[in-house]
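Comments concern the structure below.
Per-chain residue numbering starts at 1, and chain names A, B, C, D, E and F are given in the order in which the chains are listed.
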């Protein structure tokens, strides 16, 4: 799984807008402290240092942020690299005022994205080390306004981003079924009126619903909040009915680092984990000024 | 400490823009699932239910979100209320398609804000229950783009929002001092060129720096990453020098739920905690459709 | 195939922004003619009348436009209805100045969308009348900035909107294959690094490439710019190889009203037609003021 | 008639915003196909080739688009040049991913603008070849959001852009007159309350109205939907009354390639044609990757 | 001369955006004073009172601002009315917090616009009282971002707004002529390549240039920075040459309240005055809370 | 007092957006005069010349504006310099069309900002020449949308910018007190619910209120609209009560160039003057093309 590519300048241009919005949110009219305290024209050099074991993510974003502001970035690590405490993620040099004013925005991005990538990688590795192929996927439980950065951090960690938006793919959830009356009816309606270019996924809570979903031609079935046992019997039944190969199976709800392997051993195609993006533990990272000229 | 007031419609108007941006990020061109599956004109009623003990925050925001979209909100709790698992935070009714399409955006806001308020309240209560007066404050370590919501959630939890932006107040940090050479010089420069309407805060790492800061006329001194012992001896020295009453003391860096009281017992004016907003554990909240007409 | 639903207010809110942008492009600082010539407070009633046979589309959009501006809309037809010359599409009444100022923007939307729906419907009917099931689909050859309205008009006409954006689904085109070296390699790479939630489509030019695509596990194969004969032999070969049911077949390139049925009779799943949106013939529609009060 | 000048960087800056909006509409979060399939760092060279006889327009715009994205453009034709099928409009080289991601947006602009310029030029040439001086003008029947590009394409084709917006000049139309009661009254009101810097045009349907308009001091009279005979007698009458030199005469409504010269021979000052922009036939243009390095 | 009409809701919608931008500039994240000090739910009534003789302008704008925020406006004067010190311009009632938070933005608009209208009216009256017909016009010397409000205030005062933007009408200035070489050449070029729908104005500094301009077919001639004597001899010469009726004459540069009538007596069509908008003296207006409930 | 620093590129980026908005307001779709009259590719050199004694401000802004547009700026004065009539503020060279199109926007910024700086400097000098230390401060009575530029111009002139926004610092005004009932109550409420990082200022009208404010712990007391005598007795009383050193005293309301020193001699900390920004007299500055190549 490859990282989103900021070399494509279109991406850059879209990202620049977002970064300027973040900066401007933090700066307001000006950084009154830096302007008052740091002499105009001072040049400085600083390091971005990680304080704990982590998978770094957000390096491309903050490199772009610093470069947009006329700073020079050197020795930047690649996103996705695993690092030990004390590792320098990048060096940045140039106008001292600019470095200090951008510091917090840069770190806020880097700390959150690295937190997401680190948590994702931990789950991905656990599955791989057990010799299994199940993908770890994110959900739409991202911080409002940060869909792009949160999903990218999941990918940097080795996870699957899943849907970006509600127009990406069909996902019929329990509330839809509660209203429409049944799985089969819901899948049929989706197939009929949604473009052929989209996949149809349906969330089910029981073995019977799973069978109904597979028969009605869903592309993906999400087994939601099922016990390990229920997932197991559902997968067996689908196999027995010759339906297992026709659908992708996603397991979701209540997955933790602890029970992950129990589910993964049943070899669903995907396990999705909301906490990867809704309950992020930021990685501790700081920026330290090394030296000054000027 | 009172909650930000959405009754002031100016706030509402600014917030509506933000909410529409969040919605539009999640929806894209349209919610293809809901449009395909739910018949036009279906009316539904749903409950927003919390699954764990929490302080709820974000109720005003998602009420506004639902009402902007023509839905009716009833029985909404007030922000800041502490709730048990299973509590209904609000009921929402109206066009079923609208409810389903807005669901994820609403929950993403509510879950994050409640997570922040809950963590803040826990610290605030701990201090109060020990009969102490130290304020718990947030930092600028918020999620990019969410400064307003993150700070508001801290206030709902009973915390102090601290600076909103870099133009709010002067805060001279270690990197500033590293460049400018000394605490006294930095404070003097800030006093000279920044408006009289702003406070001047300075971050120090040693007792000596703290003394220097107090003597140079800083309004607030942040004792950064100091041990309990160092904070204690610093406070004593300030008192001995007759400087304690002239400044506010903020303790910051490495404060956890565990060591909080050790610091609080020294009676600094403020303890600020970055993890309140940079490492949020979302509260588990869901929306459940109760019934349908139409 | 159902029409996009403006009753979902989220859609409305997004659309309102777009409509205001269009209005403001046309109005500039003010409609100097109307302000100078029409007395303040004049109330008028007007009809929107179609001058030729057409399928109307854009009614929901201009109804929203008029209502946003405080006008009353009555007797509006439903989008997708086929009408004879002289039919009244809607009546609008209210402030005369507002009606006149909004007239051109409303008609520009309605005339283009109805043009697209009319052309789409003609092809859809032709296929249906021949007793065939092939879907007629649009492409991304829409007018810049009008992706949403152009695609919606195709749906109103009974067509399939196909991809909304480049992040919707994978579509490997000739230029991708030219760079990457082969169909199989390209499909394999896409499968590997793109989310499981997306379909993978590949554009091919020969029978051999089509076979390669089907074997490599593509979900959809686009037969691009092939003759009727080549499409036919490709479909036969896929059937012979037992691959026909595993893929959707889209025929594209050089399809006209004249040769449509020749291709459709081969029963591909989809025929996509760029000219539906890149070469729109607007439907002739005008707004006529009926009466005035005030 | 000269082409709008993109060398004036103000124009460029305004245009860049529009181009980024178009790109972003097409790209969404990222071009998932290109990222998955094309290796990072691949360099490519491509040609933009026209497939039919045409007047090219939009070259400056897509050159700017490509250059904004860090691509190199060579051998670009000048806007307004007439080309044969197979002509290369420009070569573009650089990051292969960027070229492929921008391809559709660039072509959508180029194909539409060239379609408009080609249709305009055809009419302009027809008039010129008949040795006549009447100008061909566009109307405000442009695609919503594309006023600038549509009008520019008309100018590239040799046409007159006419009004940009409703605040540009006064144009009293039939609906205005229907409300206000009479041509003379309407013109008088406009003269009185509109700035001296604007021209006053009035649309009339009969010889009598045309006379009334000329006498009331209109700068331009639009003869709307009149037969050739009616236009002729109106022009004669104006001449007889000594009014022909005091006004510009614009003929509009129902003008086609077929009847154009019949009207033009009567030597009105302007003939305006809505279909130039409301019913555009896109020119067939494609982008072909020639070679790859890296 | 009539006032711009906010009853046309299109205008309103465009204006609302601008007003929200102004409010948000002043408010930032929230009005911390009002929130802290004024109890939620307090209702108040306030008066907007003028402290000096003035022509009021901006009433429609701030009424819209207040109403957007849910406040009630009563007894609002009409824009353009002349008032004595102590006059109540409007009463506003509703949520006390909202009134206080919006106060400054509303007054800043009202004070500036009334200042412009008052100064304009003074000149307009002076000319009218002398029994003359020359119009008083504004220039493009408006405050950046306030073109619309500044021009509207001029109209409220009875002045002519002149060009809104650089695409409104041609105005060939001294710097253009300096580059292109001569008045005649410049006018000819403009006539040739600019749409027939625009007027062509040219700025001249001498009698000879004025003659050249009139002969080359300019619609308007601006006599720039000429003495009263030079204006007089220029007008006489134009009359003698039979050119006076073919052009509008605008006098500009160095016009003050003192010398206005000397120029106006020569009966140019327009006198334009930059200071009307570039050097505004705000009218002293305040908002006073009358009473409170709740 | 130092000038805001545009070398910090963050500031630049925020400013560029604002400048493009101003340009685009003035340009509309294009500068039709310049395009028609000035040959493509013409290079020119021009001087920005001041016509009266002034303190220049806005130089950094228009330098940025010109450079954004690809022009070269030389010999630019520093903001804050005092100049004699006829002084060249800067030279600008490059594409002639660009220079002419940007001219008005640049001058509008420069003339207003220099007007503000000049008026501020006059007051500041007056106080300094009398050997006094009172600061001259601005208010929030700025032109809507121009808060940043207006405040910066005050700083360039040597003044204090005071609050940027309503969330900057607490300022309890007469209307707040009228509603809440008393100074003490209002200050207490503000202290309680506003962050410790903000100062609390209160506006008073009498000696008694001033005493109440000082005792309740306000950081700053604004003596509003008091006579010189009342200010004097208030200051004496505060001193007598030992409160003078605990608060900053701001005098406001009705201060003119004439009575300034009478107030300043009483040695308040700050005198704030609304007219500095609400009633700006623009400095007369023009741009003159010197020579042309090309």
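Basically, a residue touches a chain if its C-beta (ideal position, glycine included) is under 8 Å from a C-beta of that chain, and two chains touch if they have at least 3 such contacts.
Given the structure is predicted, the values throughout are model-derived calculations rather than measurements.
The pair from B-E, B-F or E-F that reproduces the interface of B-C, where over half of the contact pairs by residue number are the same, turns out to be B-E.
One simple way to say how far apart two chains are is to compare their mean CA positions; for subunit A and subunit B this gives 23 Å. Between subunit C and subunit E the centroid-to-centroid distance comes to 45 Å (mean Cα coordinates, whole Å).
Averaged C-alpha coordinates give centres for subunit A and subunit C that are 33 Å from one another. As a whole-number value, the distance joining the C-alpha centres of subunit A and subunit E reads 53 Å. Annotation for subunit B: residues 2, 27-31, 34-36, 101, 147, 164-165, 167-168, 192-193, 195, 198 touch two or more other chains.
Pairwise, the chains that touch each other are A-B, A-C, A-D, A-F, B-C, B-E, B-F, C-D, C-E, D-E, D-F, E-F.
The part of subunit C that touches subunit D in the complex is made up of residues 21-22, 25-39, 42, 44, 46, 96, 100-101, 103-105, 107-109, 111-112, 115, 140-147, 149, 164-168, 170-173, 175-176, 178-180, 186, 189-190, 192-195, 198, 275, 278-282, 287-289, 292. Against subunit F, in their complex, subunit D makes its touches with residues 2, 4-5, 7-11, 13-14, 147-148, 151, 164-165.
Per the touch definition, subunit E reaches subunit D in the complex via residues 1-2, 135, 137, 160-164, 167-169, 192-193, 195-199, 201, 220, 248, 250, 269-270. Put simply, subunit E touches subunit B in their complex at residues 20, 23-24, 27-31, 34-36, 40-41, 68-70, 95, 97-98, 101-102.
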